[in-house]
Amino acid sequence: MSFNTFGRVLRFSTWGESHGPAIGAVVDGCPPGLSLNERDIQPFLDKRRPGTSKFTTQRQEPDQVRILSGVFEGKTTGTPISLMIENVDQRSKDYGDVAKAYRPGHADYAYDAKYGFRDYRGGGRSSARETASRVAAGAVARLVIPEVSILAYVSAIGGDAIDMDHFDADEIGKNPFFSPDSWAAARWEKSVDAARKDGSSLGAVVECVATGVPAGWGAPLYAKLDSELASAMMSINAVKGVEIGDGFAAASLRGEQNADPMRPGENGSPEFLANHAGGVAGGISTGQPVRIRVAFKPTSSILIPVDTITREGETSEIVTKGRHDPCVGIRGVPVVEAMMALVLADQKLLHRAQCG
Amino acid sequence: MSFNTFGRVLRFSTWGESHGPAIGAVVDGCPPGLSLNERDIQPFLDKRRPGTSKFTTQRQEPDQVRILSGVFEGKTTGTPISLMIENVDQRSKDYGDVAKAYRPGHADYAYDAKYGFRDYRGGGRSSARETASRVAAGAVARLVIPEVSILAYVSAIGGDAIDMDHFDADEIGKNPFFSPDSWAAARWEKSVDAARKDGSSLGAVVECVATGVPAGWGAPLYAKLDSELASAMMSINAVKGVEIGDGFAAASLRGEQNADPMRPGENGSPEFLANHAGGVAGGISTGQPVRIRVAFKPTSSILIPVDTITREGETSEIVTKGRHDPCVGIRGVPVVEAMMALVLADQKLLHRAQCG
Amino acid sequence: MSFNTFGRVLRFSTWGESHGPAIGAVVDGCPPGLSLNERDIQPFLDKRRPGTSKFTTQRQEPDQVRILSGVFEGKTTGTPISLMIENVDQRSKDYGDVAKAYRPGHADYAYDAKYGFRDYRGGGRSSARETASRVAAGAVARLVIPEVSILAYVSAIGGDAIDMDHFDADEIGKNPFFSPDSWAAARWEKSVDAARKDGSSLGAVVECVATGVPAGWGAPLYAKLDSELASAMMSINAVKGVEIGDGFAAASLRGEQNADPMRPGENGSPEFLANHAGGVAGGISTGQPVRIRVAFKPTSSILIPVDTITREGETSEIVTKGRHDPCVGIRGVPVVEAMMALVLADQKLLHRAQCG
Amino acid sequence: MSFNTFGRVLRFSTWGESHGPAIGAVVDGCPPGLSLNERDIQPFLDKRRPGTSKFTTQRQEPDQVRILSGVFEGKTTGTPISLMIENVDQRSKDYGDVAKAYRPGHADYAYDAKYGFRDYRGGGRSSARETASRVAAGAVARLVIPEVSILAYVSAIGGDAIDMDHFDADEIGKNPFFSPDSWAAARWEKSVDAARKDGSSLGAVVECVATGVPAGWGAPLYAKLDSELASAMMSINAVKGVEIGDGFAAASLRGEQNADPMRPGENGSPEFLANHAGGVAGGISTGQPVRIRVAFKPTSSILIPVDTITREGETSEIVTKGRHDPCVGIRGVPVVEAMMALVLADQKLLHRAQCG
């Protein structure tokens, strides 16, 4: 089945293909009375927008969002908010080869196996272009959780990680890699450019921290805050791994190393002396920063030939022309932030439903 | 909100607390006409059962499952299958300290923050005892996907990993660690026992492979096969990370290294020359084995004192008595298998709904 | 698919067959901290209990409910509440004929067409016995909406209606028909007994009024308060029609006759001069009493022979032995009340989620 | 909460307000490979289109639908189908009075009570204009169930019913009332015109029959075919009652009168000698025609003054100017058909999911 809706009480549904006339999202369940207009959404789309440096795809999309419903006199009405972004710079002629043969690492073969055929233009529905709809929806979700600050950044590209001693949040917006470490950004400039010139691509790790999440959001089991986050992040194109807090590193620790001791803090809240848990215990937020890490594989679209088969099952070799990101994880940063916002906003409303 | 249901068309809901009279699961949407009786479920529960070696909790639970509905004359009727397991060996008196102070790493504080109070006996709903219900439900799900074989095992404990050159599937059932590497099992015997004697605990990594999954299960976006798997695995107690295929390692690769080249195979299906993707592309199965890795943190319940606060906000120190697994990841193996089965069975039925 | 769950954030799932070992419900999403024990539920089950007069089935079921989870020290914990009722008085031998031939008006043929076979003992899952689970769940829902009073009664049996001039709410509990009109009750005593002696059965209309529902519960479209109520009531066995407010009678009115004029009331709330709408406008409660009417068909199980076919497709005739209600609508009263409570409690929590 | 999605595996979400720039629907879960273009949808929208006779609102809307996604080379791809209809003939200036005072029978007061304010232009989200989105989605659903024929018609206006002896399906498209009885249509021409001239409005009853539904669609309980239909129909603006088969009339029958006797039919299927049940038994289709009746109240927007209050709680009187249907039930006919198609298509896919 084609489930294109995410969320439980604050839900969004996305629609649209890479080379169709438009893409969009419908956000349902938003609280009424929030100030909202296109200017609240556009800056987030601009962060994700392609074509802004040589380190991203050269497809030129203004990504202007239009609000078609759910807002009256500048305020959300509580009814569905329909967001639409027109596709402008489609070049479907680039995709002749893709129609005939399967690009390894892409959804091409899987789509054909499932549906019997596929919209091969730019990957159709499987294109990362869909993530613009998420970013637009995420901008709405942010309005629901003004108490929360969300910050994501790239922490590694092609295995070359940032140095946390160089961490400077102000740096993130100043380089084309969303890097909080200007030394790493300088190195990545070379490595990403080299990969691009080689017709290759690089993987990346994105980290995201949400501060200001109060203790108590989430649920013990299948609507666990961490389970919802894992689902949200793994649904992003090219993501292959998700960690909460220390993640896989926790599997190498002993119990006393992994404990987050507590002592009395201000305002009656506890003060935690560590945050191995990443702000979630038993599926419920603890009031500490919610920390996650997300692994993006290298872009599957590369100019280096790869063995494949045609739709008819014949041996072939494919080179993916068209315009692609040499490191799709970079533009994943605003998408990860958006999904974090959408999960947290949904959980806030769910908590309010049950616990008042 | 307390969402205790997982799945879309094959759904299960679990209920019950560690020290209540019983726990259980209701499995809904199961196809009719499948042969089912308690003997189909019990072997999986026995694998997860506590008290079978000194490397697991000493709580003695027979974990005898009873089918209360949904089966007539030995076959599933298509109506809800109610599964119940009685709790036998509760010792709630062990939990006096837990009632008064928060165990770091546990759900104690988060539950109080959310609900205002909690059932502190054995962790109540947050206890890993709930996973027995999942294992029972998973046994039903396996009947829905007879074409699929699921195999999970422990691949690392406390950072000490198996050697894939020693991999022997037959070994998994022969040691108390579900280890496919007898050398590793021998090492873990010492390290887990040492941790136990220290009153400490160890983390673990569990790997799971499902073979026989046909190409075409899953969906492009929010019901992606990998997104569902991530959600399912992260909902298991103590899990902090999930990887599909190469997972985080893919973030260090270049595009050509990460490609899974294809060539014509038998029966018209492609043959893949690698499986970095872990059997999922664009959210849809490719016909390759579905491979995942799951990180379990070390058990939070340890005998080593940890700083904490009381419910009244006073400084305290806590030692978690009671009976606990020194490495909760070990008994996670049948739980990971169960969740894999439940996700795949649900996706099979969803695929059939949309694509016939 | 077999969707045995109702509700959006306060959800309940039921399981069990008429002649299985037990039936039950799992209530999920209940707010924490509500006082709950078996004594809060039992009185509602006792109202629905069979075998209490000659006007209901003679099956003797104590219908003792047991709470298996979700309550700690007398209060709801916010985790799933598992409710179980054992079946005591099964007499499956009565059902030999039903196994072989289809009872017209029953689910027998439809089940076989859908599932390929069926649990024929007492109707299996299609038995009205399932409604005991709803009544138990409804008792929990009532605790969520203490501001609301729910009152249902039988307003007609076999086409013989009560006289609203004789309406006396105190009468409802005093006769075996839940009649607010003692004159009608006296007439029904004769007509229902006559039908019973004839081996026939009678239909009935149940009305239900919920007072104290504040304005603002519900939603504009597919979670409309009236849409949810219609779904809830039509899901009850033997129900064939649902009306909100004036219902079908409104289709014969002119706009000015159907208007519910308003004038300033006390406390700033409007006072309505009529309630044709039944307390719902645009899918959202108005603060007026929520009024619905529900039509129950006559019990399909009768001793008068009806033409039918066997499972093998041969001509046959069937007489439904066993123990049956001569008027199934009578015991529908506590079920209608329970479904009203479950819908309103869910809507209250949904409203709180979106609007705080 | 604002749940604007309907369906379980074939789902549609609608968005848009009466006087916004556009309205639309997103249809998700549609099987792939179905031929679909705008010409498959437009005829159904044309049937519902306003302004085609003096018996409907004079608002002039071309209601041209545009497919924005989910179709490639003329076939559905299995991904979300985004349908958009622009609003052309808004005249928001007509609604000054509505902004200040509540129209009795409308959602005005309930919206303010729920959301704190509302989009008063043309009723905003509560306008029957939303039903155009349903009709568009319903046209897609029809493609999923080619085995089913759906026919709806008006059976009564203002209490004046058709004579079934005059029933002629060919008549339905030949008069502005969707009447199958030309005598009734002639009478309604006068009565509706008189109501219109009086500034009043009339209620109506719409009947709908679906033939070709095979036995086996539906589910025993909360996804009952009849429960889903009740929910679907009651979600349509102005609907106050729903009946399946004989509906409320069944409540006046005896068991033997209400039975639908069976005898061996052709092709091994049973032949039913009556259809009191309306094609559904135990929540599952029997193979007989699915018959429902839907009650529409008279349009609440009338030119006859009604007592009301202002937003400030002051006494007032309101006359609803603007352009309105004198009998909103008439244009309900294609909407009822659309909802029938959407429910049946969803149930077909659900049945396939569980039963193959």
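Order of writing sets the chain letters: A, B, C and D. Residues in each chain are counted from 1.
FYI, a contact is a pair of C-beta atoms (placed from the backbone, for glycine too) under 8 Å apart; a residue touches a chain by one contact, two chains touch by 3 or more.
Only a predicted model underlies this, so the values are computations on that prediction, with no experimental measurement involved.
More C-beta pairs in contact connect the chains of C-D than those of the other pair, out of B-C and C-D. For subunit A, the chain whose average C-alpha position is most distant is C.
Mean C-alpha positions place subunit B and subunit C at a centre distance of 39 Å.
Centroid to centroid, with C-alpha atoms defining each point, subunit A and subunit C lie 46 Å apart. Between subunit C and subunit D, the centres computed from C-alpha atoms are 26 Å apart. Multi-chain contact residues of subunit D (touching two or more other chains): 1-5, 8-9, 14, 29-30, 32, 78-79, 114-116, 125, 220, 349-350, 353-355. Those residues of subunit A whose C-beta lies close enough to touch subunit D in the complex are 1-5, 9, 11, 13-17, 20-24, 26, 28-30, 32-33, 68-70, 72, 75, 77-82, 114-119, 121, 124-125, 349.
Here subunit D touches subunit C in the complex through residues 1-6, 8-9, 14, 102, 104-111, 113-116, 125-126, 130, 156, 158-159, 195, 200-205, 214-224, 226-235, 237, 240-248, 250-264, 268, 270, 273, 276-278, 280-287, 293, 295-302, 304, 306-309, 313-315, 329, 350-351, 353-355, going by the rule given at the top.
Per the touch definition, subunit B reaches subunit D in the complex via residues 8-9, 29-32, 78-79, 220, 349-350, 352-356.
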